[in-house]
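All chains are identified by letter, namely A, B, C and D, in their written order; residue positions are counted from 1 within each chain.
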Amino acid sequence: MSSEVLWTLLAGFMTLAIFSFLYRDNPLYKIAEHLSVGVSIGFLVVTYYNNVFKPKVWETIFTHGQIDYLIPLALGLLLFTRFFPKVGWLSRWSLAFYIGGFSGLSIPSTLEGRVLQQTEGSIRSLYAEQAVGFWPTVLQSWDAIFLVVGTLACLVFFLFSVEHKGPVGKLAYFGRLCIMAGFGASFGYTVMARVSLLIGRIQFMTREFWEALRAAVS
Amino acid sequence: MTCPAALGVLLAAGLLLGRPALAQTGPPLPARDLRVEDKPLDAGRALKISFRRAEGDIAGGASGVARYELRRMSPGDTGFVALRSFSPLEHTEAFGTDDVGLSPSRGYLYSVRTYQATGDYADTEPVGPVSPRRQWFYTNKVNTLVAVILFCGLVIAFIQAARRGRSLFIRRIAGLDAIDEAVGRCTEMGRPTLYIPGISTISDVATIASLNILGQVAKKIASYQARILVPNRDPIVYPVTQDVVKQGFLEAGYPDQYREEDVYYVTNDQFAYAAAVAGTMVREKPGANLLLGMFYAESLVLAETGASVGAIQIAGTDAISQLPFFVTACDYTIIGEELYAASSYISREPTLLGSLKGQDIYKLICIILIVLGVLAMTIGAIAQGEPFRWVNEMLRVRGTGG
Amino acid sequence: MDFDRLFQSMLRLDRRIVYSLIFIAVTFPFYIAWPPFNVEVSKEVRSTYDIIEAIPPNGQPLLISIDYDPASAAELSPMLVAALRHAFSRDIRVLVISLQTTGQGAGIATQIVPAVAAEYGKKQNVDWAFLGFQPNPIVAMMAMGEDMRRAFPRDYFDTRYEEIPLLAGVQNYSQIPAVLTLASTAVGESWAIYPGSRYGLTVLAGLTAVYVADIQPFYQSGQIRGIIGGLKGAAEYEKLLERPGDGTAGMRSQKVVHYTMIIFIVLGNIAYLWTRRRRIA
Amino acid sequence: MKLQIPLLICAIAGIFMAVQYFIPAALPLYERVNDYLQIVFAFSIVLGVASVVHRHGGRLVRRKKDWVYSSLIIFGMLLMLLAGFIGGRGPGTLFQHLFNAVLLPVQATMFALLAFYMASAAFRSFRTRSLDATLLLVAAVFVMVGRLDDFKSLYIPDIARWILDGPNLVSKRAILLGVGLGMASTALKVVLGIERSYLGSGKE
């Protein structure tokens, strides 16, 4: 029996073990769950050691002599103060650096990537010159109007400092309806992709795994 | 055979076989129009280089040119060094590349060498020295800068106003009201609460929003002297959740009730994490599952497993692709921006509420811009001449780079 | 009949019953050819088919690049099988490579290509060849534009390029009538941008359903000349071949699952409305 | 001290990252800081591993409930570490095999479970409880049928398309926009030190 067969059998076992969770929690599932957690942590450590620690810390400091990399090295080591309750608060310096850096970056990038771009995307002419898509020509403009009104209504739904009653409430409710219909649509749209994944797994079991099983038995 | 006769035969053969053979007989010709320019909007580390094919060489190759070689002389070099080759087989009239990794304010010379299959070559006149320059402002990001200044100004102004004691109204958010109820019911049943701070890193602001909620939730749970489980996927989020939960127990006056092993790290792998948390749900049978933060495809694994053990589930995320699943499988869903409003909403701290007001004003500005923009575009489209095209041009967002 | 009890129990239906029915719905269409699934062939699939159809038999080979890993195999392998069957049935030669970074695409190739070739009695290295994989797709694509030998000096089975009769006249893209990339990642785009635009190679793409929308602009601009999208695309191709395969079976599964879910939703709502009316009354 | 210095570090890092976004010349510095962030992350993994060893190693030593499974985590982790550090990571190594035979099938199968979960979630909660719940349900059913290209004569595929391009697009846009504002304001509060519960202290 070749080693390939053994590995395929192991993969098939893991697959079955995970599927068994659909029936109920059981020892097989627990084995697969815990083994995969362990293996994934090992994978993470090895990958980060090779892809980050070795090239970006060790080699930059000791091979290329880039002294400024001692800063992140120190910040990284400060995290370990958590193991000693008395000085554990020092680890917050590293966390503050990490959180502050990403927060600062996200202020301009989200305002540009989300707010400005979506505002710009919403601005379209209401007057349709030619028919595209489902609506007949006469109704084209209605579709465009729907898109604009719908966007505004959804935005109004997210207003927090205004009470949702009266006309504002009606608009917000219309926004809520749009959001719900949109959610329904993306739910329905995703079914096909997930079923494809399931087909893939079942094919693995009925083909590769089955072949390996036959090879193992004979 | 004499020389001219041989040449005549060759020429005739060339004519018969078509252009390639003919072109091979001539001497190599240099490439044309070599241009070297500073690459705009960068840190002065690159130059834009372009040139056209040699005369007679046509796109798609087959003209006797074997390759073009871009050559550079850097300051301190004694001669030209080959940088990269371009194939005449490429279907393009002109070639272009960015020479990167240069130093700003130093001069570089460039030349292109045309090689024939025979090894003969011809060089262009060297161009340069050209030095890359660094720029100090992304001129294509004026809109973003205006937006950032306006937004930060609004938020800070309203926070100041709130500090001075202006009372602010905030609408009801059902999902957030439900958190209290869920935690309470959980305690009555004597079951722990499971809190998942999303599965992303802190670089996702949703995670920070979730950590802010976690602080409030932990305090509440501590005041009931109940248990809270926090499995983490990100090793940076993990120590932060530890601090946050510990502080919550401290503020509630029960620091000794905090159990360090209940706030723990699982693994970074998305589905191994989902498998482990699903297992935890089935085994620990939490009374309430709070799924708040950034989620990906594993969202439904968590939400459906949670539903199967009968926990009250409150989910909140800004991940649009996962919201439909949370809405379907959970009892309450906090949608998008509501997640960011949560920490202000629960804590009712005026400074935090002030920022919500600032957000709302900015949202109103967006609404007004959309209405004005749409009107301008529509009038423009009906009038054919698009007199208001500049409105849309002004609002256009340009990405990084050129 | 006691509708109250029936509907009550339906509302409390064990989820494992739902799971089992979904499992049956997915599996059975692969074993029994039911329900009938009739697709309309889209113009993107039609043009893919036509371009392959027009390749002269026993001439220069169609290039097929297997740029996906097993995770996307359910959607893309049926396309691979269909395209191979199409080519072999018309005596079109096939040159297979893989630009999937981890090399798992190569594993897929060795499983599927020889098996389909055997169906038509096609000989390795004469009617088809598999050159192996290159982990850096763009570098390999550019190298192949100059000289295939540079990207693949030896084939997957360690035979030297020169010793493969199929490759005798193949130097670079100029001798390749078309490439079909089967991709779940941006590699599909790279084929359009590099070999497609720079070397004028005819690019056809078989893609996962999720990825099709991203690549549509390349089809509109003519950089990609044909698209097979997801399982449905595979089923359309199989329809043109008049030989149903995994794509058609997969679409039948999809259909059964979709309608099973809809029936569940409808029944759930009937039960819900009935019991609610009872409660109000 | 315990609070002031972290707040200062946070503000400096945040303001730098926000400002450099507009300055091409700051790119080299930005790349440096990005490296720093990655390095800090790499070190945090040690904390994660310590948590795992503490939690599961503890169970193993004290022979607590399910200690056998805890030992599997430790075993899997050690095995992967040994395989990766001694045998390397290339194709055909033990490291690769373990990844392909243990991790990949678990990932793929967990992902495939979603097909089942979608069905049961839909059955359980797609109810005509209210107008918005009904719209959710109807939109989902229309799109599910439309994706199969069935009932063309009833225009269902066209209607499904419209739901995807209309209400779906509109709601996505508004959510994205609102979320952008929420993110920016939360980030701003963090940088300014107004929101500091991540430091384990909610009060000013």
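As a working rule, a residue touches a chain if its C-beta (ideal position, glycine included) is under 8 Å from a C-beta of that chain, and two chains touch if they have at least 3 such contacts.
Not measured: the values here are computed from a predicted model.
Undergrad: Any idea which two chains share the most contacting C-beta pairs?
TA: Here the largest contact count links A-D.
Undergrad: From the centre of chain A, which chain's CA centre is farthest?
TA: Result for the farthest chain: C.
Undergrad: Quick check: how many Å separate the C-alpha centres of chain A and chain C?
TA: Centres of chain A and chain C (C-alpha means) sit 25 Å apart.
Undergrad: From the mean C-alpha coordinate of chain C to that of chain D, what's the distance rounded to whole Å?
TA: Measuring from centre to centre gives 29 Å for this pair.
Undergrad: Could you work out how far the Cα centre of chain B sits from that of chain D, in whole Å?
TA: Inter-chain centre distance comes to 14 Å.
Undergrad: Which residues does chain D have that touch at least 2 chains other than itself?
TA: Within chain D, the residues that touch at least two other chains are 18, 21-22, 40-41, 44-49, 52, 100, 103-104, 106, 108, 110-111, 113-116, 118, 120, 122, 124, 126, 136-137, 140-141, 144, 147, 172, 175-179, 181, 183-184, 186-188, 190, 198-200.
Undergrad: Counting only residues that touch at least 2 other chains, which ones in chain A make the list?
TA: In chain A, residues 18, 21-22, 30, 32-34, 36-37, 39-41, 43-44, 79, 82, 92, 95, 98-99, 102-103, 105-108, 110-111, 115, 119, 122, 151, 155, 158, 179-180, 183-184, 186-187, 190-192, 195, 197-198, 200, 204 touch at least two other chains, as defined above.
Undergrad: Would you mind listing the residues of chain C that make contact with two or more other chains?
TA: Each of 15, 19, 26, 70-71, 254, 257-258, 261 in chain C touches at least two other chains.
Undergrad: Touching residues of chain B toward chain D in the complex: what are they?
TA: 41-45, 134-138, 141, 144-145, 148, 151-152, 155-156, 159, 201-202, 205-206, 208-209, 211-212, 214-216, 232, 235-236, 238-240, 243-244, 246-247, 251, 261, 264-272, 274-275, 297-298, 300-301, 303-304, 307, 318, 320, 323, 325, 327-329, 335-337, 339-341, 343, 347, 351-352, 355-356, 358-359, 362-363, 366
Undergrad: Within the complex, which stretch of chain A touches chain B?
TA: Chain A reaches chain B through residues 18, 21, 24-25, 29-30, 32-34, 36-37, 39-41, 43-44, 79, 82, 91-92, 95, 98-99, 102-103, 105-108, 110-112, 115-117, 119-120, 122-127, 129, 148, 151-152, 155-156, 158-164, 179-180, 183-184, 186-187, 190.
Undergrad: Within the complex, which stretch of chain C touches chain A?
TA: The touching residues are 16, 19, 26-27, 30, 70-75, 208-210, 230-231, 246, 250, 253-254, 257-258, 261.
Undergrad: Could you list, by residue number, the parts of chain B that touch chain A in their complex?
TA: 141, 143-145, 147-148, 151-152, 168-171, 173, 201-203, 205, 208, 236, 239-240, 243, 266-269, 271-273, 275-276, 278-279, 282-283, 320-321, 323-325, 327-328, 335-338, 341, 356-357, 359-360, 362-364, 366-367, 369-371, 373-374, 377-378, 380-382, 391-392, 395-397
Undergrad: Which part of chain D faces chain B closely enough to touch in the complex?
TA: My answer: residues 18, 21-28, 40-41, 44-49, 51-52, 54-55, 58, 103, 106-107, 110-111, 113-114, 117-118, 120-122, 124-126, 136, 172, 175-179, 181-190, 192, 194-195, 197-204.
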